[in-house]
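Written out below as structure tokens is the structure these notes cover.
So that you can tell them apart, the chains are marked A, B, C and D in the order they are listed, and the count of residues begins at 1 in each.
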Amino acid sequence: MSDLTMARLQASMHRLLVPEAWPRPGLSPVNRALCWLIVLASAFAILETEEVVTGAAPRLFAVVETSFAVVFGAEYLARLYAAGADPRYRGVLGRLRYMLTPMALIDLAAILPLYIAASTTNPMLLRLCRLLRILRLAKLGRYSTAMRLVAEAVSTRRHELVLSVVLTAGTLLVAATLVYMFEAESQPQQFGSIPRAMWWAIVTLTTVGYGDVFPVTLGGRVLAGLTAIAGVALIAIPTGILAAAFSDAFQKQRAAEEAGRPKAD
Amino acid sequence: MSDLTMARLQASMHRLLVPEAWPRPGLSPVNRALCWLIVLASAFAILETEEVVTGAAPRLFAVVETSFAVVFGAEYLARLYAAGADPRYRGVLGRLRYMLTPMALIDLAAILPLYIAASTTNPMLLRLCRLLRILRLAKLGRYSTAMRLVAEAVSTRRHELVLSVVLTAGTLLVAATLVYMFEAESQPQQFGSIPRAMWWAIVTLTTVGYGDVFPVTLGGRVLAGLTAIAGVALIAIPTGILAAAFSDAFQKQRAAEEAGRPKAD
Amino acid sequence: MSDLTMARLQASMHRLLVPEAWPRPGLSPVNRALCWLIVLASAFAILETEEVVTGAAPRLFAVVETSFAVVFGAEYLARLYAAGADPRYRGVLGRLRYMLTPMALIDLAAILPLYIAASTTNPMLLRLCRLLRILRLAKLGRYSTAMRLVAEAVSTRRHELVLSVVLTAGTLLVAATLVYMFEAESQPQQFGSIPRAMWWAIVTLTTVGYGDVFPVTLGGRVLAGLTAIAGVALIAIPTGILAAAFSDAFQKQRAAEEAGRPKAD
Amino acid sequence: MSDLTMARLQASMHRLLVPEAWPRPGLSPVNRALCWLIVLASAFAILETEEVVTGAAPRLFAVVETSFAVVFGAEYLARLYAAGADPRYRGVLGRLRYMLTPMALIDLAAILPLYIAASTTNPMLLRLCRLLRILRLAKLGRYSTAMRLVAEAVSTRRHELVLSVVLTAGTLLVAATLVYMFEAESQPQQFGSIPRAMWWAIVTLTTVGYGDVFPVTLGGRVLAGLTAIAGVALIAIPTGILAAAFSDAFQKQRAAEEAGRPKAD
């Protein structure tokens, strides 16, 4: 192939694979197909952890997982090649620089598990591999303007959110310390130390209330009531902050869309 | 009867049965009576599933259920006949077209159960019939402007709501995968696979906290605390969005009411 | 005593006892003392139901309860007498009319229990008497402008709140019916009928999650997850509506206060 | 040392130790180091309550705790000396006055535990000492402008928050009294008195739902459903109020910052 043909191929691969390089609104057909493949592969990776399911068709899962590894491996190599169309990643050194970008590292992490899983019997490592397979979903982040919107909304109000986290942590600590004083004697297994009491405190403060631990003394129960009410009040703070932040962010986005696309849908 | 008498009968039935055709504000007396009958029939259908209740008066329930079937059957035929007053549903073909409208299908589905229930002993099918009887309540949707309002409010913010659902689904998946890594060994029955861990994740993320499954390892408990806090933050997002949407929708409705009815209540 | 002295006594009793008749801002000293007595008497009535407490000092509780009955009895007679200062309640017929006002009926209901409790051994009736003693707290409503504020805020948004209740009831019914279809066979005791399934549905939809009943089938668990998420969304609606309504009501109150009292605190 | 040198030393210690006296924005290096020490010491105090942890290295914890006591003792003496640079706390009487300020008392309370813990074997007193060690965190309050902000936001809406607390307390009382009427007979241990029933009421109203107590009668279950729904509505009120209050407070702070620091970060 001539150099020109090569350059043209690289340029069109770049257009098809890099969302920012696609000239029309939305995603390129290749990226749209990859999105669906990622969702499918993640669903398979989730199902694969359930022995009742894999036991029914062990061969099928092995074949499907290998196919996904081949497809995503090919995608990785194609992206590596197409990266050359971007002046920043030209040449061998440029490609190495590309391989160290967060997105390329996530892509790599999503391919590795198959090769590791094939050569190990350590159950913890196997579970880690399965986790990495699900990490493929993070690849979708590449395509998401919505995620960027969320990140911006949260980031503009980070001081307020940090403050509400600090308040919650303080309340958590006070509740755990006080319940430890009341309940340590009657329930040493559950409330015998402040770290143990913190399990109860977080479960109560978020109003989850599993019911595996709860106070039995009078003082402990009064405290539990106050902690639950404090939890409700503390939940109110980030709720209000996030609601306002999201409302703002969506309004800005709409204003930008209306200004940018005079006749778009 | 002369054709004119027939046409007049049909027109007045149409006025009485079709909410949009009623000339005065509110519902026609016939439709108001039908609303109460629907509520009553649904209450009976709910009570009927409880053997303690039906055992006390088995004949009564059979008689009442048959009466409701006769009344709603008559309503169905009357609506079918009255539909002819609308040019779209005139003639035999028009009537067939009417029978395939969503409302007419719901009406039919609410009558069928009696005939099916009388001729089957399959318990699953019997339970389905009872479900269909309760579906009669959906017939009330015909009369509801409020429901249309809700649907509009939700629909204008669907992008935001979809995004918050996606965020929740992502958090759910990450929480389930991580808890599976921590707890699979010590509680294989509850956390032995990611789909199993998802049951715990959804119960924790929504702060329901039944208490049938909860982590016991240190890592799992720290994760549970973070998941519960994430749940509280994620609940905050649709709360804010829906609150704003409803507030807007009700304001618009009031503005429209004030503009439309100069002297109305 | 001369008629004039009587009339003066009645007028000053009226000023001291009827909150609206007190010329200065706030409550009269008599009404302030009565407020504290009501709170104290209610606290005693609550403690009295706990045998551990009454067993320690049975005489004390009998004496205190009798004293409260005497004091509130005297208050009732004083109010009845003072009511004559109001033209509406003058004379014997007027007093009868006064006795039938809601506030006077609550006052009477709060005195009766002692006499009933002394002459019965029926445990249900005894418990009802204790409930009535706590009802004394409702007498505080007489003094509350805040309660009127709350009632107004809720009342201006009653259409929205009714709609959210209807939506919740509908979701509750659908969740109960579907879980009944999935779980009736495996857990007949808990999910064997729709009314039984409703206990699970309400506990899940409000995210209370006691953990006494929960689905065990796959379909039931998926449904439980969806129900919990629906619960979170449904909670969002009245939250937004009430928050906005209260915010409005407090702003109006402040505006009215600023307009009404040029130099007040 | 000459008097002038002493005065200079005292003045620079005052600048370094008292946050308000530091001329530049933010905290002085000494105070920043003390913040980290407080967090570290509190973390140690929490871990120390867990015998699994202290059993692994009992000497280490004793040494670390003594070191913290020495450091915070030295800090206390330094602050006492530096206080003389402030005209209010000059001389022996002024120092005594300084020792009675809330901050100095907290500082003292955070040093005492070591000496008490060394000379007692009473477990309740020992636990109280541990609590006091964690109280050191309150020393951080000295440095916090955010805490002042929160206190102001809550304080401007205190009437509204008090009203919502009163409403919650009233609902709590009504729910506890009614459930006591329904359930006292079938579950005397859990619902045999109103104070006992209040434990259930608070756990349900805050939607925590441990599941250790729940009604079993029909009336009790209907009441539980209504209580849970009331809880959701009551949670809505402080949520709305606090959200609005925080939103206001942060806006004011930003406006003040923009007005006060023309070129600051």
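The working rule: contacts are C-beta pairs under 8 Å (C-beta built on N, C-alpha and C of every residue); 3 or more make two chains touch, one makes a residue touch a chain.
Keep in mind that this is a model prediction, so the values were computed, not measured.
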{"item": "Shared chain contacts [chain B and chain D, defined touch]", "value": "A, C"}
{"item": "Residue-number overlap at the chain A/chain B interface, same or different (half cut)", "value": "different"}
{"item": "Higher-contact pair (C-beta pairs counted), A-C versus A-D", "value": "A-D"}
{"item": "Averaged-CA centre spacing for the pair chain D and chain A, given as whole angstrom", "value": "33"}
{"item": "Computed distance of Cα centres, chain C from chain A, in Å", "value": "47"}
{"item": "Where chain B touches two or more other chains at once, by residue number", "value": "207-211, 235, 239-240, 243-244"}
{"item": "Chain A-facing residues of chain C, complex", "value": "207-211"}
{"item": "Interfacial residue positions of chain B with respect to chain C in the complex", "value": "42, 46-47, 49-51, 53, 123-124, 127-128, 130-131, 134, 137, 146, 149-150, 168, 198-199, 202-203, 206-212, 235, 238-240, 242-244, 246-247, 250"}
{"item": "Interface residues, chain C side, partner chain B - complex", "value": "159-160, 163, 166-167, 170, 173, 177-178, 180-181, 184-185, 192-196, 204, 207-211, 214, 221, 224-225, 228-229, 231-233, 235-237, 239-241, 243-244"}
